[in-house]
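In the two complexes that follow, chain A is the common piece, with chain B as its partner first and chain C second.
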Partner chain A sequence: MNIQTQIRRTAAEEALLEACAVRADGLPGDARVREKRARAVELLKRGLPNRKVEIWHYTDLRRLLSAVPAFDPTAHATPREPLLAGAAVLPVLNGVAGKAPVPAGVTATSLAERLADGSEAALLEPADAHDTVAAVNAALAGDGLALDIAAGAVVEQPIELQNVHAGGQAHTRFAVRAGAGARATIVERQTGEGQALVSSVSHLEVGEGADVAWLIVQEQPAETTHLGQINVRIGKDAKLTLFVMNTGGKLVRQELRLVAEGEGSKFRLRGVNLLSGETHCDVTMVLDHAAPATVSTEIIRNVVTGRAEGAFQGQIRVARDAQKTDAKMACNTLLLSDEGSFSAKPELEIFADDVACGHGATVTEIEGDHLFYLMARGIPEKTARGLLVKAFVAEVIEELEHEPAIEALEARLDAWFAEHG
Partner chain B sequence: MPAVQETIEQVRKIDVDQYKYGFETLIESDKAPKGLNEDIIRLISAKKGEPEWMLEWRLNAYRRWLTMDEPTWARVSYPKIDFQDIHYYAAPKSQSGPKSLDEVDPELLRTYEKLGIPLKEQEILAGVRTAGEPSTVDGAGEGDNIYQSGRVAVDAVFDSVSVVTTFKKELAKAGVIFCSISEAIREHPELVRKYLGSVVPPTDNFYATLNSAVFTDGSFVFVPRGVRCPMELSTYFRINEKNTGQFERTLIIAEEGAYVSYLEGCTAPQRDENQLHAAVVELIALDDAEIKYSTVQNWYPGDTEGRGGIYNFVTKRGDCRGRNSKISWTQVETGSAITWKYPSCLLRGDNSRGEFYSIAVSNGHQQIDSGTKMIHLGKNTSSRIISKGISAGKSNNTYRGQVSAHRKATNARNFTQCDSLLIGNECGAHTVPYIEAKNATAKFEHEATTSKISEDQLFYVMQRGIPEEEAIALIVNGFVKDVIQELPMEFAVEAQKLIGISLEGSVG
Partner chain C sequence: MLEIKNLHARIAEDGTEILRGVNLTVKAGEVAAIMGPNGSGKSTLSYVLAGREDYEVTEGDILFNGGSILEMDPAERAAAGLFLAFQYPMEIPGVATMEFLKVAINAQRKARGQEELKIPELMKRVREAAQSLEMDMGMLKRPLNVGFSGGEKKRAEILQMKLLEPRLCVLDETDSGLDIDALKVVADGVNALRSPDRAIVVITHYQRLLNYIVPDSVHVLYKGRVAKSGEKDLALELEKNGYAGLVGEAA
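Let's turn to the complex of A and B:
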């Protein structure tokens, strides 16, 4: 191995470290926070991961992250209409949290405050040496939001965490704690305009018996690099539905790191990746079944057009004493372009002997029989194809038990097909 | 569902402490000094009487190897191997290369007899020796008697040399060349030179490169155009000497329209030290040719404490070079302390087909990281992967497989099914498939579930009065047939016993 090439930094790596150096003094935080930041920077100094790092196998960040724009102090981001009508919008504009009213039972605090007093310092610890998304964010994020949902609170009004950028760099952190028995629907909206490097790391704790639906809607412009991560702990008998929709971005890495740590917890992941143009989109999930009798199902549907590259890595780990785990994962892809590509790596790592785990993965084009069926009924081929592709994706959206969310997401779907279908 | 009792017992019977081939042959051997350097490579090459180009090839590989790092991505862990603490060449003193049967050291013949490998072709031909009953896996029979029931040509490799190859004359009549690779390098250099390293280049990976530098023996098969090889071919690998590594190199070429079925078996003595077996196998199928390659891997797996056992780090790859060619890999893996191997198919020719059938059983402290690669390059290529992993004891069993369709691989098709089963709560079963499509007409399906035994099937059988457990066994057996049917007939019976193991309670 040529050691030289490993040490020589790319322009993007240099720019990233440069940004860290420039930002370091202006970021809020006590000694503990500063120490975490310094460690994150140390990690970044070792360079960005390449495809030899297993968890980055399909996203060679070192190669793909070709440029890192500088912070743009003049960038002025404006809040958007919420995805779900009537939602409480909590904006974070270019990495700075705004103030907005929150529903009863919920307390919102700017994360800058909690970093300043060090109370959230622990969040800034990357999971391991390859947790680059967390490291970038820890080194550069100065604000975001902390939400506390009171135990037993039933929050009917959806909450939208709206992370909007207007170019340059934007780094945001969210920390949400749902108390025991709480219920809430949270939308994590990732959008903006212009060329940018965005990192957004969320933490979610689902308390005992709580029931949370979390929707990540990533619709970044085609010039934006989006590094997203959500870290979740699901408590005893708690329930989480996580929905992820990716429709934009130039280089997108969305990590889902989950631990079903309470006995009897239930987790459901539904994902839709609509990839077009030159997008590189990688959704990577690591799910730990750490307690007995936990149940999870994951369904990811991908549509690839143009020269887009997509990847899904899903790792389900079942700990030795997580007996009676029931985990099922499926990743289905419609590859509609000869210039596009999709890679899937659905992994199982099982140490308990009384479990039911399975995964399936398919990559296909549209079923000829289905097309024939529709065309035989006088539907033109283009329309028929459109219908089939849409149905393939809509199936997953329709599983959400939230009518306004289904409508809003299907509207997004229609808009995407109108443009790229 | 946890494993059923019957399965547990079956697996117990092949547990590491039940290893039957752990004896040692006391025979004087001629060894190269320990360590690896250019002189050792020159010595191996000289011992084999190789031409200059072969030595150069080896030396180039060695120089390349010095610049390479040992791979660490597999889910296996072992103390660092000291590559200077191994003898790279060991041969029975009485034997520096294959001889006629009468000249072979009787001690060696006895060894093979003990292992159940018939080297006395006349006896079998004349019917003096009655075809043995296929032994059961746990049976008291001596060795894998699969060889005894039919006419199988055998190349017997003992440490670093091939001691004898049977039925050579008869095969030659059909135009088939079957001999040790060392002999092929001397006798058929034009063929070896043309094909050696053309599937697994000397720079392929750390262990393949090491093998290219120091390989000692293995088999060479050449089946000319239009010939269907008249009998099963087989190589039996035996490691005997202490502190040695075995570096097997096998090369099989099936010309246009040819067919060959080849079977390899492997065993080693019981020792507390770990021994390295780093093999490279290359298969080449030209237009309309078919190669069927079966492996019964039963290297010494180490003891119940995880001491000793073979490190089996193997690169096996088949190249479906011609149109309509077909390569199938079938493996039954029960041995080795560590297995690291991914028999693969490069589906280069249009309409070519690759198949991989595997049953891997791990026990004790065994670690298996095995699977396959199906690389779809030509048009209308198809592949099929059926893999069953069973882990017991403190073992870890990983299926790692890659299926990829390149831009021009129009209409590539793959079906993958891998199931695993855990017995006890100290072992692990893992599945790591890589599915990569770059062509819109590709159709890949990967499945790793218990769903093959559907409620409907179970209900169908049970409503005919068959108890649930039996019903499941019946369905599973029907399903496992996919793998068993791919084996040469003599061997299928043996494997059937082994895989009489029910897969009830299997997890993805």
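Let's turn to the complex of A and C:
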């Protein structure tokens, strides 16, 4: 009698492996890249993670990824107006990088080139056996953009990395290196039309003393599965503000993997998740404080309506020699419907003894007192609720210190509330 | 303008009856003072008038300009011209005061079929009203009532009242927490709103405010009913003899 060791693959798992097989020969890459791809496919063959895998606890990918659409060679994606007025838009359409001018001090290379010559190979390695987002992307991505921001360059014009799909599958990679002392604002826009499986993996290196703001704005349609990941290394005395806004998608996994590896580096995560309909949205952060005197604060604000469900996992690891680390994390949720839910799991692993770390999570509803006060001034209930919801998340947006970004994100917020509030 | 008829109301959550048959009529142009000891139902009456959901009307009616307002939500009542100046104005983080004023004024205008005010006109009106109340415009950039002192909150209430131009103003313990200078400023603000087509209901525990806002009628609320009504002298009498004397009389 045979002992069955292999769990039966789901239709989605089959379709994913099928896509890998079909795509393999057409993707650019030297021998090293091909080897990495083959290993990524091996990882996927072991099956998608389920809730028993701790880091996937709130997103049982095996169960939730119900279908994987085939690549659609006829899909035609079109670039969008930039989110921030006047930004330089660098489009990637259905996983293929377009050509566009970049601001002075910035050099852009197509990721296809870096795959072809093997310089991207090291970045294709998943972090571990459960790094499914990296594996899917490594196996299937053939293009994207690499940006090099020269040391000392102060790039005033915001850059928008615009990843647009038009259904089917789209897998994109971004690699950005900000040289020492460079300053830049980068928007990573994730959008599109129709049913799709999208993966987008970014690598960001913030050089010594550099100051970077990176805004992930995910506004996928309600039929799209979005698997996003950003991997960041923050150098000595460097500053990074990472802002994440999720307003769409069917199944969204947004992974933020960061290492504060330079002494005195400062990191801020600000997140706004506006969840409606049947969305499942999971933001998972793993932050390593690997050097002394690093500071981080993480504030996540969630608004949940309909039957949406969300999760935030925030893991902060403080290495033994990362003394004087200061880390504060908060996750606050405004539940607007009885059928919605949000789970927050802060996790601190501290191996140093001289640190200040704290976290908190709250789930609230709109305060009846506040609503009454606004209504008593003649503001209709829906408008009053909108004001209060906006107030709840605007606080986080307004920390951005970048007026065009604040305006653009608040406009997104208004639009979301007008549609779903 | 306002007719309260045999009004009974209870706390929705636990059913405690607070108002036990209030009867009160306030005419256009009239300033009516409602006085009463703690727990007599003064604040409840103001909340029930404004339409707060925490209270249930079980009997009676509230007529405003001849029509019942019981089925109207707080926003509809406000748009119809009812204004409650809160005893404890809520602090609302994240909502800038100026933005709030703009939304409130224009929501009411829209509900009345008037055109929305453009920003310059709105700013002009706000500036004038703030000046008359000796308020700093800088305050209006801050989130609504957040970090305002007690006096600043009360001024902000009167500012809103001036800007919204209600037909019926209900002032709930507007004097509490005010020093004498602030009290005069606030009272002047209220007196400036006195007009033949507007009624003002001043709810207060003490007679002090009534030296500055002189009422046409005084009503004593006791155990959820109007136990006694009279002219402005009644307030002085209460100040002298306390509510105890009146209780004996009413019982």
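One rule holds for everything that comes next: the second predicted complex is superposed on the first by the 404 of 421 C-alpha atoms of A that agree within 3 Å, B and C clash if a C-alpha of one lies under 4 Å from a C-alpha of the other, contacts with A are read in each partner's own complex, and residues count from 1 in each chain.
Heads up, the rule we're going with is that a residue touches a chain if its C-beta (ideal position, glycine included) is under 8 Å from a C-beta of that chain, and two chains touch if they have at least 3 such contacts.
Values in this document were obtained by computation on a predicted structure and should not be read as measured data.
Look at A:107: by the touch rule set out above, it reaches neither chain B nor chain C. When both complexes are overlaid on chain A, the residue A:355 reaches chain B alone and has no touch with chain C.
In the superposed pair of complexes, A:344 makes contact with chain B only, with no contact to chain C. Of the two partner chains placed around the shared chain by superposition, chain C is the only one that A:380 touches, whereas chain B remains out of contact. One of chain B and chain C touches more residues of chain A, and that partner is B. Contact with chain C, but none with chain B, is seen for A:394 once the two complexes are overlaid on the shared chain.
Once the two complexes are laid over each other on the shared chain, residue contacts for A:66 go to neither chain B nor chain C.
On chain A, the positions that touch chain B within their shared complex are 1, 52, 54, 57, 320-321, 328, 333, 335-338, 340-365. Partner chain A is touched in their complex by these residues of chain B: 1-3, 67-69, 73, 405, 407, 420, 422-451, 505, 507-508. Those residues of chain A lying in contact with chain C across their complex are 367-370, 372-381, 383-384, 387-388, 390-392, 394-395. In the complex of the two chains, the chain C residues touching chain A come out as 50-54, 73-75, 77-79, 83-84, 86, 89-90, 92-95, 99-100, 103-104, 107-108, 111, 143, 160, 164.
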